[in-house]
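Two complexes follow with subunit A in common, the first pairing it with subunit B and the second with subunit C.
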Partner chain A sequence: MAPSRGLRPLLRTRIPALKPHARRYSEFVAAATDPSQKARVFVSQSQDPYLNLSIEHYLLQRTPGDSTILFLYTNSPCVVIGRNQNPWIEVNLGVLRNEELGVKLVRRRSGGGTVFHDEGNMNYSVICPPSEFNRDKHAEMVVRALKSLGTEKARVNERHDIVVDKEDKEGALKPFKVSGSAYKLTRLRSLHHGTCLLSSPNLESISKYLRAPAKPLIKARGVDSVSSPIANVGIDNFKFQEAVAFEFRSLYGTLSEASVWNRSIFFVDEKAKEVPEIAYGLEELMSEDWIYCQTPQFKFSTKNITETDSVQSIPSSWPPALRGIEFTAKHGKFTEVSVDYNDRTASSEQIELPLLNKLELHKITDWEQLLPPFLFTDSDRNVAVSPGRTMNQLFGMGNYEPSAYVRE
Partner chain B sequence: MRLHLYSRFLLRQGSVYSGLNFPRQFPSARTFHATARAQVIKPFLLADIGEGIRECEIIQWFVEPGARVEEWDKLCEVQSDKASVEITSKFDGVIKKLYYEAGEMAKVGKALVDIDIQGEIKEEDLAALTEPGTGGISQIQAQDQAKKPLEAQFTESIQPPEASSAPEKVSPPKGKHATLATPAVRHLTKQLDVRIEDVNGTGRDGRVLKDDVYQFAKQRDTAPAQLQSSPSAPRGPQTETPTKLSNTQYQMFKTMTNSLVIPHFLYADEIDFSNLSELRARLNKGLAKSPINEIRKISFLPFVIKAMSMAIQRYPILNARVDTDPESGKPILIMRSQHNIGIAIDTPSGLMVPVIKDVSNLDIASIAAELNRLQALATTGKLSSKDLSGGTITVSNIGNIGGTYVSPVIVEKEVAILGMGKMRTIPAFDENGAVVKKQICNFSWSADHRVIDGATMARAAEVVRSFVEDPDSMVMHLR
Partner chain C sequence: MASIVRSLRPVASRFAASSSRTARSWPISQFQARTFSASSAAQAKKYTKDHEWIELSEDKKTGYIGISEYAAHALGDVVYVELPTIPMEVAAGDSIGAVESVKSASDINSPISGTIVAVNDLLEERPGTINKGPEDESSAGGWVAKVEVSDAGIKDLDGLMDAAAYKEFTEEE
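Entry: the complex of A and B
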């Protein structure tokens, strides 16, 4: 560099441009809150179910009141229970925790029943003004997308689910559920979201996750899941995404000329975690307090199970000495606990029951410590009995083989 | 079953009011709103959430009995099969009772909570309070009830919070009333975009106070914790506190803005109250022994009011009103026969101007009685719109509080106003040149210079003066 040229070339150093794919979360916030956008499509690039639900909640709260938003996302394997459901009734927690698949437990903010999500399963979410809300409108939209991809027998049934009529073994047409829906209605916005089984590899094992061993022993209010036979649609994720987005645009694209209709899809990635509201919602969804303690009041009781019932409900190998454990749980915490070994026990171990009061049910990691095993005298035979182990299996605690938790 | 009790209550109320034959009042400039005001605690019904759902489960409550809510605050979340719905309040008020516990099934169309409504109820919202059968009756009751001004929203006296410590990630356990806050605080949280659950309340039982919200907002916005930003520190930077105008303040704002069009001129005078004081002392002695209309003591104001009425008799233009002729579009004077003298009263909720009607046909005792009645109503905030409307001229006795000369603002639809200063004792000379004590008071008149000239005002003021300074001369005009 010759001095005569001066120092200007040196000073003209380039500031490196921001890499285009490292999207700052501020762009997402801007896209979500832009009042001129009347209809927009967002797709998540994350597979974290908690994050996806938090993004969805953020979109529900922050998008303009007159806009309609479509949000598509896929989750890594997880079981998602409804806002008001009881995980000990709906989910086999023992299998969940001990299976290799590493399935997460999620409680969503909308109502409805329990579903199993994995990568072969795509979720769609439509947020619209309450005046335009209708349970079937967007389900019909997804049906149109499915039809355009070759699934002709797709339709919306009376429960607002999407079913596909397939021939079963006898050749009769039976509806198989491919998509369930749930809703959340706030003052300003209405949310309808649903999941669609495209090509889940876990179809056969879903049922073992969703059959809880403690179910017959728990009496609760709250919404029960309605189980139906399920099937895969057999469509590629990407094609489904494009088809739904296309149908969405067709439905909302012809808005008033004044509105700017952005045809491009906005991809949301992990950086969305940095948006304060999303971070806050994420923390809440991941907290055990939300997952377990939002359970409405319920009562667990092993009493009054007659011998005939026990064939279906409790395996007959469970000793009658077990019968006598009762507790009520409110907000996931014990409020009344009673254990009564109906005077057939040999030992008279007293359990410190007051200790249990106010403890959280999900925090009891080993029932065997609370209910130590004892010898049970039954017609001259001494049998080692462990009610604690049984409780562990009912509530999915302790570390046994997953099959130990499965109800026969 | 509870609803039946309420409907019977409403029925009874309705029949009482229809029997009394209250004249329907048309809203005038002095009424604050044209909507009705209910005074009982009303059950708030669970609105139809659509889709033919008749009952749904309460998932969680966001309020409890005693909680203050504003319109649009979340009351509870309910769930019906697949939909979870947030129920928000339609009214401002205080929750008195929850009809269901969390986990119970709430029926659509039946009562959800009892709310003590402290705002206005619009006609269309009446439906949310009553079942279809009793709807008509409660409407009658609501309309026949005296229309009255809104209760002002007041801020509770706030104890000064302790100096704030650095924000911790782990929030301390919330008090019982962690999300309870006065409407002013809630408004602030909305303005500063703060979630009330995040703020640690330092008030009683964990209530969130205004300063708590400010602290939180400041700490949230500036990354490092600032320990020196203690709200109770005497020295600090200028803090601006946006405060919404109370309803009374807002009305004052509106009416005074309208009064701006009137070109005021001020005419002030010093009135010798010595004779009137003496007369008053004599009269009060007599009243103490045998009260008239339950009045044991009389103040100066009824005399002044009567004197004003007499001045208006002579100069009726002071009682008139400026308006535009509908045909020619030119300004005209509307002369009014009745002398309705408005009295400006300072009440706990602000400035109110009730009116004593037809003063020319009232004697001083009746004026005094009416004055007492209006004052009593004003202090308890129960002035009706009838009391507040129809004024033709106004008197403002600010001298009760203080001040010598005032420049009062003429009320809309009037042309003159009198402001009275404080009564004080001064030394003066009598006719012999000796120094005597005189009780004087300053009268400051403002008049609309578009229609009243200085000479008229001066003459009218002189009439008032002569009557007040020499009350015995009023005897000549006794009817």
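Entry: the complex of A and C
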């Protein structure tokens, strides 16, 4: 900022708002890009998951190529899907949208499966040169931190997750996942980030957010999640943060005094949004194009549902006559749509669903308008059916009670 | 791809020792044979330090791009390949897609400048194809994209390695 200082008197009257902004975020930019720093810790004071992932992406792209960075952050409640996953398979969007907790849907840039974050979950992220990277190195670092805080049984498993042996409901000792890992590897830098469940108050409800009603009716390309029993470690966030930063220092830190090292920890906050590249990354990450249209191609079909199907998600309000809705979506857009209520339908209404072609699935906010309710005659009984309502429930649209989206 | 290979090598070798699915030993002979027996109409393959390859057509106007045998082996089982939307103008080193394996999203970068004019759709449907024949540019192969070479692209080729130099490079890594 030195060159512009001389201009300050000139600028002061004209655009007074610009300077303080530039000053505030420039300290973060200077810290992130300082070539003399070979190891540095950043801690976010924001709980915005989109911002935290955007700060992390900035650190991946802009920190010196030979440096190693630790970034620690917690997020407000959100479900985070992997780069190549399908939100309609991984997430109960209807519950997310209509529940008070206001859980956000996030798609991260790294690979892997879906995880839930909240204030009781701390995320660690290590960015290092590709030559230094291996998948377990920094999970092992976190294990050492957990052990130093008394969690002796923590270990890294074959899936690169951190597990802790605990007694299950029957009293048997079993591994419970406390931390999951994902990676983003670029030409110049490697990123490993992981969650760590410390004291989440939401463990019981996590499966409710992750159980998607449409899952049994979708065949998709892309990456599946592997569900594991989870547990809290039961450690305070700040203590965990300190212990991980300490282990990071043992691995990469200079010989400087602990007090000097601690003072070098950089606290980054909402003002990071003013860094143009972070603002750009944030916009991209929050866009529906990224969240929904990055979804690998998939096909939804109700055609193969039979009376004897044990598929649990099939609602009872889905009589045989409705078992003919099919579509394929590529980049989140419909490519082939067909609705065949078959000859048993009492309705004469023709639904021009092929018109959906090229539209985006997530933009269909009310399927009831497209597929109106009608009376269907089954064994001389008239049954009112609403395929639109069912589709809303399967794809998380409409504004019903959260329980309307839960299929047991 | 550089990051993947350098970083995953220890992991890859561990996999090779323990998992029957990925237990293929590093196919050196196959790798050499394939490199030098490429159809006579095509130019010899060139490699980047990031472990991508490019093979130009005889008229040097187009070329196939893919990731090297070495990279594919180090990646482990590929579960998804993200391909670019065509046409796409690229400079050497630009990301033209990504592969996912073992929870990792890894960029694929263009070895040279030009315009990506075709992609290997087979990889979207069967991502494992990239493990089976990463340097195979046939219709059933694991090539990633086809590029229309620009003038700058011709110059970019000078900075790439031939098969022998690349082999030496991977042995040093």
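Quick note on the criterion: the second predicted complex is superposed on the first by the 366 of 408 C-alpha atoms of A that agree within 3 Å, B and C clash if a C-alpha of one lies under 4 Å from a C-alpha of the other, contacts with A are read in each partner's own complex, and residues count from 1 in each chain.
Operating definition for what follows: a residue touches a chain if its C-beta (ideal position, glycine included) is under 8 Å from a C-beta of that chain, and two chains touch if they have at least 3 such contacts.
Given the structure is predicted, the values throughout are model-derived calculations rather than measurements.
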Three-chain arrangement built on subunit A, subunit B and subunit C clash or fit: clash
Contacts of A:Arg109 with subunit B and subunit C, given as first, second, both or neither: both
Larger contact residue set on subunit A - subunit B or subunit C: C
First (subunit B), second (subunit C), both or neither touched by A:Ser131: second
Which superposed partner A:Gln297 touches (first subunit B, second subunit C, both, neither): both
Which superposed partner A:Ala30 touches (first subunit B, second subunit C, both, neither): neither
Partner chain(s) touched by A:Arg189 [first = subunit B, second = subunit C, both, neither]: second
Set of subunit A residues, in rising order, touched by both subunit B and subunit C: 82-84, 109-113, 135, 160, 181-187, 221-223, 296-297
Residues on subunit B engaged by subunit A in the complex (per definition of touch): 49, 51, 57, 59-60, 72, 77, 79-86, 88, 102-105
Subunit C - residues contacting subunit A, complex: 2-4, 6-8, 10-11, 50, 79-80, 82, 93, 95, 98, 100-107, 109, 124-125, 127
Subunit B partner contacts - residues on subunit A that touch it in the complex: 82-84, 109-113, 135, 160, 181-187, 221-223, 294, 296-297
Subunit A residues within the subunit C interface of the complex: 82-84, 109-113, 130-135, 160, 181-190, 221-223, 296-297
